[in-house]
Amino acid sequence: MNKIKVSIIGSTGYVGAELVHGFIAHPEVELLYLTSESFKGKKFSDIYPVYRGICDKILVSSEEVSYDTIGKESDLVITALPHGVSSKVVPVLLKAGARVIDHSGDFRYKDVATYEKSYKLTHPAPELLKEAVYGLPEIHRDLLKDAKLTANPGCYPTCSIIALAPFIEKGLIETEGIIIDATSGVTGAGRKEKLEYSYCELDESFKPYGVSGHRHGTEINEQLSFLSKDETGKSVKAAFTPHLAPFKRGMLASIYARPSKLFEGVDSAKVRGVLDSRYEGEPFVRVLPEGILPDVKCVNGSNYIDVTGIYDEDTGFIKLFSAQDNLGKGAALQAIQAFNAMFGFPEQTGLQTVVRGV
Amino acid sequence: MNKIKVSIIGSTGYVGAELVHGFIAHPEVELLYLTSESFKGKKFSDIYPVYRGICDKILVSSEEVSYDTIGKESDLVITALPHGVSSKVVPVLLKAGARVIDHSGDFRYKDVATYEKSYKLTHPAPELLKEAVYGLPEIHRDLLKDAKLTANPGCYPTCSIIALAPFIEKGLIETEGIIIDATSGVTGAGRKEKLEYSYCELDESFKPYGVSGHRHGTEINEQLSFLSKDETGKSVKAAFTPHLAPFKRGMLASIYARPSKLFEGVDSAKVRGVLDSRYEGEPFVRVLPEGILPDVKCVNGSNYIDVTGIYDEDTGFIKLFSAQDNLGKGAALQAIQAFNAMFGFPEQTGLQTVVRGV
Amino acid sequence: MNKIKVSIIGSTGYVGAELVHGFIAHPEVELLYLTSESFKGKKFSDIYPVYRGICDKILVSSEEVSYDTIGKESDLVITALPHGVSSKVVPVLLKAGARVIDHSGDFRYKDVATYEKSYKLTHPAPELLKEAVYGLPEIHRDLLKDAKLTANPGCYPTCSIIALAPFIEKGLIETEGIIIDATSGVTGAGRKEKLEYSYCELDESFKPYGVSGHRHGTEINEQLSFLSKDETGKSVKAAFTPHLAPFKRGMLASIYARPSKLFEGVDSAKVRGVLDSRYEGEPFVRVLPEGILPDVKCVNGSNYIDVTGIYDEDTGFIKLFSAQDNLGKGAALQAIQAFNAMFGFPEQTGLQTVVRGV
Amino acid sequence: MNKIKVSIIGSTGYVGAELVHGFIAHPEVELLYLTSESFKGKKFSDIYPVYRGICDKILVSSEEVSYDTIGKESDLVITALPHGVSSKVVPVLLKAGARVIDHSGDFRYKDVATYEKSYKLTHPAPELLKEAVYGLPEIHRDLLKDAKLTANPGCYPTCSIIALAPFIEKGLIETEGIIIDATSGVTGAGRKEKLEYSYCELDESFKPYGVSGHRHGTEINEQLSFLSKDETGKSVKAAFTPHLAPFKRGMLASIYARPSKLFEGVDSAKVRGVLDSRYEGEPFVRVLPEGILPDVKCVNGSNYIDVTGIYDEDTGFIKLFSAQDNLGKGAALQAIQAFNAMFGFPEQTGLQTVVRGV
């Protein structure tokens, strides 16, 4: 069988590099174009020397090979571009006939007003928002099969939604007053020449940021509200606070919610039970056994998300915890999982055994 | 004037070492005994070689120099011992005539039942609980002057109480439903030969721990309830979750609370205003200007605690953030601040200029 | 075709875990027994939770399954045991019929006296030293095909010998006065409950250790002398100094040597030329292009070793630099390369694409 | 007595910030101007928020306050400027009447040709080279008393010269064939917006750089040759190789040299003895006891340099090891030591007790 031709637009950022990592190992994929406006003409391995001899593909710019050409020659194009840029490039690729997985925020919302308020941009192609599938396979698996355009979820939304969805879907928690306190490793900020991300500034640093109105907050609330609306008609309003911690990869969400009246006899075992039954058979969601808490180290380099929960009798809160690799399940490897769903491969294909003990 | 004679019981843990750091720089103090059961006979600088030539004092064990002797010869003894041990040693020291600052949890509670439930121990000297002063100068400054026994607050309680007290004292937030999501650097776990604190296990790790019933939660709630009772009669029930992050020093608390009906016209400026007016003139509490958020890097090596807050209109939560050095304001340097209050020195004495830009 | 049955003795150390990582991905291998004396009865994924769902094999002790049984049922047994222990276990496994790759120093020497002096032990099975093949495929590829017992080289020796062998083999450098100044990441110290390897003690630490008489020095000198003897009859006496640096994986050797009279017209291009021609076609040795220097980051997680050299006209020294992952080419992945050579598979099998850009 | 008025030109780099740290604690100093071209008008504590409330001085640019004015109003000006810039600013300051300590390479050489070759610049004020004192108090203490212009030594030269000088001065080692293999923490690269110094690029990285013709090599050789010439007439030619390691502060030199014929009965005790007797009474050079090796952790935050040596019988090399804080003895704190020597204060003034155990 012919391999699927995949091109990556913006291949030299950290998400791009993780996509290369993942697709190189994918048995059904042939990497076609790797693009970079900054590094055109160089080899991918000039930018990431660990790839010397593994991926020495020459990087092309969009001037050398047009998006139209890339779209025509590729079965799938993955765009790892900044928001506001994706929304201009993706329509060209789709028109050229390629299916697209986009990593930006540009196609993650259904409500264009929420997008435009969150991103402070006018959307140039709002008609595509309806068509785009939010690429969380655990929620939208069925839609992915026929998706022309998949919006890869944000990193914080992925770990928040995976933890909360089982409860929201069944109305087991109150939709008001949810707290999502989350922490990302430094790759989450991208590959940037900025003093604030320099080694000496970040080592021994830990801090909140974007504490009010962070875009991932509106993304989380829109997605959870879709799940919730079916049941209760109420939209979800979680308060979201991201933090930056001195490790390269990984993301942890600590989530606080009140059980609703529907949650009869709530206790820790039942909280875990809700997660267990929702994610039984899911290849990449690991509901942790009693007494074990997520650690970003334990998902490093994988597409896994580890999740658990307890009920704190003293205060009446359900506490949920989820950990993922922000470049894995939080970005590039989740895109490969979605790719598998889109092209009819088992979702684990190419994603199985790349972890290490240390 | 004669210098105050200070001895440190348990001087080779990280808190003990930070006490040595602080007291060496203190112009009114003479270090008398440094004790260590594990390293007796060695020099302090054998354990911490950076102190070679600075502090080569010989470590003594309690067999060599009895607690009674230490108590008799010292004006102040600081105990940096595990809980359950302190409660046996401190009465001896007090009886011998020394004033004491204790770093364990053994004398932090007024309610012996809460202590015994939290620490799963029977308290051997419950009569001392009434006498002990909870050593947060910003709250109990007046009591410290005459304190014989000061219980140095826990690290998490310090940064939680400093952030919440101004609101609790005035009834400006609801006492139910407070969330304290906090993160500590690795020195918080102490100086231990444990695989879980080894470099290879902790680097690139981030995780919650003690997510239900952590002792510092009961300490926070008891202290905040004292402040609250005067106003409303209701006790405080905050849900507390600690995390461990890969940096050596520092602690951040991200706190979520609902404004009460007494908080008229709540907005971010007023939230900061409450902090500002409460801590005006405080030498070690820095209420950050608008737009600046705490970072543990920015308190590293100091006795400062940086604090700020916002009101999140979308969700109706007040978010408070506080950062301190867990060994500084969270432990040893706060003890020196309390020492200054106990002995009538300006609280900044010996605590002023030890920070570095990087 | 039947898969090769591989068992790992001592599977829960860092080398053991990397072996599991590598063999899981190996298409020709079936993992049979994973042993652990400390964690018997637990799952491998209890020790390394990142493996939950990937490798949940139950760990067995040698009491439960004897070495004789393991040797009989396995085609290959890899021993990741301390020196002095391996020398007792390996003969049992060989007698039972298994081929063996041993990770300790016990079978790396030909001269039992050098071993016994270096390790301060009496060797219980010196007759096996002759039979054992030193498992550096770039040097002893031909012998590995029929090896019953392969001694996996030490980490420092691997990166030292790979850099120096091309020059020693041709007599292009003086055999006296070679300096090997090398640095290891912390995994090189193993998975140990020791204060000196704790996060707080190692972060912001960098230091030499074992500066006189380190075992790897005698291993390097013996191996290089074999290569040299053929040509000049002189034994090699390199001075070796290891250092410990605060990163988890990786090893760099900076090597200084004088060109001999045989090295006509020595310059940097010719130094690189010697490396280039020696390692042409080698799948895992990457001779770096002009102007590029090795970085442990650029071999992280791989079986590659990056090597280069210059001639410093000012001082007359050849400087050679080599970088490898100490758990990769320096230990477990090199063992898999040797395994491939032993069992007739292409050496890259199972070792190809596991690197990441960040 | 009036305090000495000190201004810092280029106060927001890492060296500048460490100078602020040191001079704030100095009892005889009043900080006058802190300059910054990039951040003029901001407070020093806006750039280094840890200084909020400690140093909120407004940064001025040279347009606002001319170098002439600064030179006239200050007793001492410290320039922490790039090379090539210092050489233009320093003459203005000197002419205005200030004494100057310069941190660049511009005034460290006596031989202008070596400077111009090493820095690839034409020196605009070569006449000052003769006058400038190389600010290593352990070597040039006497000259510092009357120095108008002190050239603060490079970081690598400091730790190399301190280790080698005692042997070079007495002709105890061969001046040819010395190897200096040294490693710096990341602050050594300065405070820069460069991708290569970003957290994600440097964490888990370790590499050599500048392996041929690094400027600090010529600085080391010129200085050591001055010491050597008195005795033997031969100039020193050490081969120098710097490395970059993932820690913020600290520098270690591992040095290899051959004992000369003058070194009778060389052994490890005698090697240490040479260091001991040379540095007896030096306040900041700590010759380590037998069996203890330097660790950058053990000098962190201090002006100490820890040094030791062994004689390796097997290979005939003397190995010397020295560790310092690259911002401490390697830069800013050494400048304060030189300042003390210049102004007649005991050299320890303001430099005594700022270390921490962790």
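Each chain gets a letter, A, B, C and D, in the order it is written, and its residues are counted from 1.
Note that a contact is a pair of C-beta atoms (placed from the backbone, for glycine too) under 8 Å apart; a residue touches a chain by one contact, two chains touch by 3 or more.
Keep in mind it's a predicted model, so treat the numbers as computed, not measured.
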Margin query: Contact counts by the stated rule: is the higher one at B-D or A-D?
Written below: B-D
Next item on the list: Please flag the chain sitting at the greatest distance from chain C, going by CA centroids.
Entry: B
Check: Between chain A and chain B, what is the separation of their C-alpha centroids in Å?
Finding: 39
Checklist line | Inter-centroid spacing, chain D versus chain B (mean Cα positions, whole Å) | finding: 38
Next item on the list: Determine the centre-to-centre distance between chain A and chain D, using the mean Cα coordinates as centres, and give it in whole Å.
Entry: 47
Check: By residue number and range, which residues of chain D touch two or more other chains?
Finding: 14, 187, 191, 200-201, 203-204, 246, 248-249, 295, 297, 300, 358
Item checked: Complex interface listing, chain C residues touching chain B -> 14, 186-187, 191-195, 197-204, 246, 248
Checklist line | Residue ranges of chain A in contact with chain B within the complex | finding: 177, 179, 181, 183, 185, 200-201, 203-209, 211-213, 217, 237-239, 241, 243, 245-250, 252, 254, 256, 268, 293-297, 300, 310, 312, 314-315, 317, 319, 321, 323, 358
Note to self: Give the list of chain D residues in touch with chain B in this complex.
What the structure shows: 14, 17-18, 20-21, 24-25, 47-54, 187, 191, 248-249, 286, 288, 292, 295, 297-302, 304, 306, 327, 352-358
